[in-house]
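What follows is a pair of complexes built around subunit A, which joins subunit B in one and subunit C in the other.
Showing the complex of A and B:
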């Protein structure tokens, strides 16, 4: 019995020692953990301070739009990506102080159709969808046939804009007539109103609609194009903003197109890059506009097919059909 | 007999075959040489320029896939084009003729030489001669500079060219100068090419109504036409020599096609009055309905009241 008690006492002593040990152990561990936490925290904090100090040095100089040189932190730099709101507002306003004008010299066109190809690839059109097309023209039996590139005339009195019921098509201060495919309801009133047949309708899903799916819609490029809406020549409004000539103008290998600003009275040839006075070019070569009697006041001028430098291809010549009485 | 006729016909045809090849380059241009040696880098840059400017007509060199024109543009890798001297190719690209457009305003001197470098890479027997004298030969060792000024009274722009060396400053005489005005898509030639006089001054008359900005400022640049002799010196200056132009927005006036705020007054009035008339009519109908309703309730009250009065008398 006493032996049992003794054993019991011993056991309780052992238990006490074990508890004592574990407490000591726990305290030791706690101190260690605390030390680790403090050291780690200090390391993180000093790292944070170092990073902060480093950023203070990491500034870049940026020239703002109003010509001020400012410094911004490197980590706040973002690649400029115009969003839909910005694309829409700048597309509606146009470029201040400009009046775009195009001159097409019919004596130089030999139907290379490079203008058509460049336009179709830029605006993601199918081969039979034309913003610009080269037509075969013959005024009468005795006059020779010639080729006539025909883009949208960007009229100063546009009948197509008057008839639009939803304000999808509009004219800008720089003279360009654009269409907003996001607003267009596809009623095709504008197609009916246009005397120059400059507009097309997307009956099918436009070409490249799958790749263009996620792109931000640019009203100055009409990309991505939308099924069931109208599309038309845009005078390459996106290129003009960058100081570049329109796609068709710079693609022409024969020097047919001149493009420029009427306010500057200057037009630049897309092939030779030669800049001439607009008023002089029109006056000396007898420039004219299409269907002036309609009062649409187009911004596209034509120079007559006089002293042609390319012979009209005989194979393409069409017989002039006389109307049967 | 047949033989002689054949020979005669052949002889008669000869000039017509030769006609396409009589592109004569002036003697002083034939011997012109590149100012830099042709390397792999110049060839690569030349290829890029060729693809943009020449490929649409001349095709890929060595493949004979130029487009069908009369006279044919020709493949630059063929002997017909390769037997031209460097200066001749340079001149033909620069000046152009007939269907071949001039690239003087499209490509700079160095860029045309890079295209020549690319074309020459298809000729294995070609050995390049590089121009020995690169610096100005007319005024050796001198720094040539230009100044621009505008004379309001005569409406002329004066380009004053001078050469400064250790011995002093002397006017640059007999140098061809071109004057260009800056436009949105490129530079426009003002007046013709002029030559500096004994005082080193070239005078350009500003054409009537040459348009400037809102204050009449025009950015002019002057340069020597003969870069080989006088160096590639150019000077850009803004002068108040133009007609002031205050641009007017094309959407400023009221019109049928303009935005709602810029619509013609009669449309705004007619539409506004129309809407008012329709709403007025609707409101009028509502009032009438209310009148009918009030009259109706008054009547029924009257009837029920009269019923209430008459009931006891019945009993």
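Showing the complex of A and C:
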């Protein structure tokens, strides 16, 4: 009996322990669940508060140029449009760290003149006003004729910039020679000085002067064009700022143009989008520059018109009629 | 009262006779008014052409992208060139001590002032945006030869004005009491501008020093204006302009056109102002010799400028020189060289040709040829750039000046004539007091 009692006692002890254990377990779970709930709730709540704060009535968060997060009233929000001052200051400085360079493969040019058209439509020019022109070249009687697209050479020693009396035409840190038609006095000294005939003058009102009239002047696009001032090839500085290839380069159907950064030693073909080493391209194909004897140091390189896989066809002669003023 | 000059009765009488001769022309008569009306009407008509150009743009001229400098710039170079005569006559010949230039030095200064002043306006007529002229001063880059040109042409103009005005102060003092019957404003102006000059020796000494300094200063300035003008072309890598002798070539040419302008003016004043006594055959004879000298120097530079590249015939030079010698500009080129240079030199070697009338006629040819010479220097080198002219309207290939352009150029010449007329009609053209001294010296030598 006493053994039974003892056994009973033991069993009840065991039961107690089980109950005890499960309670402890329960309590622990409860605490955990509570903690999770509180944390989760707090998280949700704080998230909710954060969200609520984020959508604070009438305010919007904006990251400033110097990396500060600030709030501004929604009604004060404007779409960003660079003003003349900004366009001018960034346009005159250029894109830091770049040295733009162009390579023109004469063996591929078939005078499609798509580069000319794209350029003229981007810069609001007439069909006979050229930032880039494709010329028929023949060095001597016994050498073959070929087509040569001729943009501004963006010389590193530019005669046009030297002679400008008012700093209207200038050389940027990225190698581009630009013209500021807000500054130009129309003396045409730069035209007289340019050995590549790269510059044009607005002898009359530019072709789209009426619709361009009120636009903010972008020195990197040279639009609106202005009567009585100079215009010229800009290496499509506005496109380069957006990380795109120049208008002429992308428009070419024949893979004539390569464009890129001399610092990176890489140029990209505008048609095939293939990127190659600039130095290698020049070295392997006998690249050269126009009139090196003048010491102008152009940033445009040419690859000779060798191994052409097509016949030289002049095509029908185009007539250019001067528009009446 | 020894210190007052021109005080003895003898001297006073001399001044009286000189003043009555020289001041005879200083009057506002019908002829003057008629001539001025004519000039101003012509000017107004020509300025109308400029208004058209302002409204429509430079497209109304014959200029286009390839020949973008034309008649205006050629005219500018001609004006700057001709204005150099002031320095040649007063300074170079005057400082050497040639007293025969005294009666013509003021005429030379008047021409210098007129041409230098209008040269600046001519440049403005060539600007695409004349409204932005202040930019040259606001944003000027000293590296640009245009800035140098603006600086030295203004300096030369100011120095020429002073060289005209300073030696005239005693004359104004002499004349102010001898202007009976002239308009009030003129007498008043003479009184004002003579600064109560009293012919004191100290005044004359100071005046002498001031004029001497100006005469010396104007020599480098005059060389600078035309050298810098030549550099507007010579600093470009363009065939035909890319020349190291352009500075002296332009200067020597300037002396030719300047001398021609002075001779023409001399003849005009001699006949119209009845100044045969002062602008006499002797002065013409001497000017004839000066003309031969400067023309031979210019011929020498022409020889260098054309013969040396013609011997080598580098690609660009060959195209350019063929155009000049046998091509599109051949008639003009040889006409200028022969009629404007070689034949005048040969003719002037004969004493009979150094008489007033023949010299005036020869000088007319020389002056016209000088104008066209500047045209030949400015225009042809642009027609054949290094790269071919293609895919443009036909009008763009060859430059020919339009009527509007010609009218604006005529306006500038009319303006020069207006300035010369005013300066020579309202003020004595011959220095009275210097002539009185000259006579004094001559008399002393004879005694």
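Here is the rule we go by: the second predicted complex is superposed on the first by the 238 of 325 C-alpha atoms of A that agree within 3 Å, B and C clash if a C-alpha of one lies under 4 Å from a C-alpha of the other, contacts with A are read in each partner's own complex, and residues count from 1 in each chain.
The definition used in the following text is that a contact is a pair of C-beta atoms (placed from the backbone, for glycine too) under 8 Å apart; a residue touches a chain by one contact, two chains touch by 3 or more.
What you see is a predicted model, and the numbers here were worked out from it, not measured in a lab.
S.K.: Could you look at A:145 and tell me whether it touches subunit B, subunit C, both or neither (first, second, both, neither)?
M.R.: Touch partners of A:145: none, neither subunit B nor subunit C.
S.K.: Which partner does A:106 reach: the first (subunit B), the second (subunit C), both, or neither?
M.R.: It touches nothing on subunit B or subunit C.
S.K.: Pick one for A:162: touches subunit B only (first), subunit C only (second), both, or neither.
M.R.: Both: A:162 reaches subunit B and subunit C.
S.K.: Pick one for A:173: touches subunit B only (first), subunit C only (second), both, or neither.
M.R.: The answer is first: A:173 touches subunit B but not subunit C.
S.K.: Is A:87 contacted by the first partner subunit B, the second partner subunit C, both or neither?
M.R.: A:87 contacts neither subunit B nor subunit C.
S.K.: Considering only the touch criterion stated at the top, classify A:96 as touching first (subunit B), second (subunit C), both, or neither.
M.R.: first
S.K.: Could you list which residues of subunit A make contact with subunit B in one structure and with subunit C in the other?
M.R.: In the superposed arrangement, which is not itself an observed complex, subunit A uses residues 159, 162, 167 for both subunit B and subunit C.
S.K.: Contact residues on subunit C for subunit A in the complex?
M.R.: Going by the criterion above, the answer is residues 56-60, 63-66, 68-69, 126-129, 132-133, 135-136, 138-141, 143-147, 232-233, 235-238, 241, 382, 385-393, 395-396.
S.K.: Which positions of subunit A touch subunit B when the two form their complex?
M.R.: Per the stated touch rule, the residues are 96-99, 112, 114, 156-159, 161-162, 167, 170-175, 243-245, 253-255, 259-261, 263-266, 268, 271-277, 279, 309-311.
S.K.: Quick one: which bits of subunit B touch subunit A in the complex? Just the residue numbers, please.
M.R.: 56-57, 70, 96, 98-99, 101-106, 183-189, 207, 209-211, 245, 247, 249-252, 255-259
S.K.: Across the complex, what residues on subunit A touch subunit C?
M.R.: 128, 130, 133-137, 150, 159, 162-167, 183-189, 191-193, 195-197, 199-205, 227-230, 290-291, 294, 296, 318, 320-322, 325
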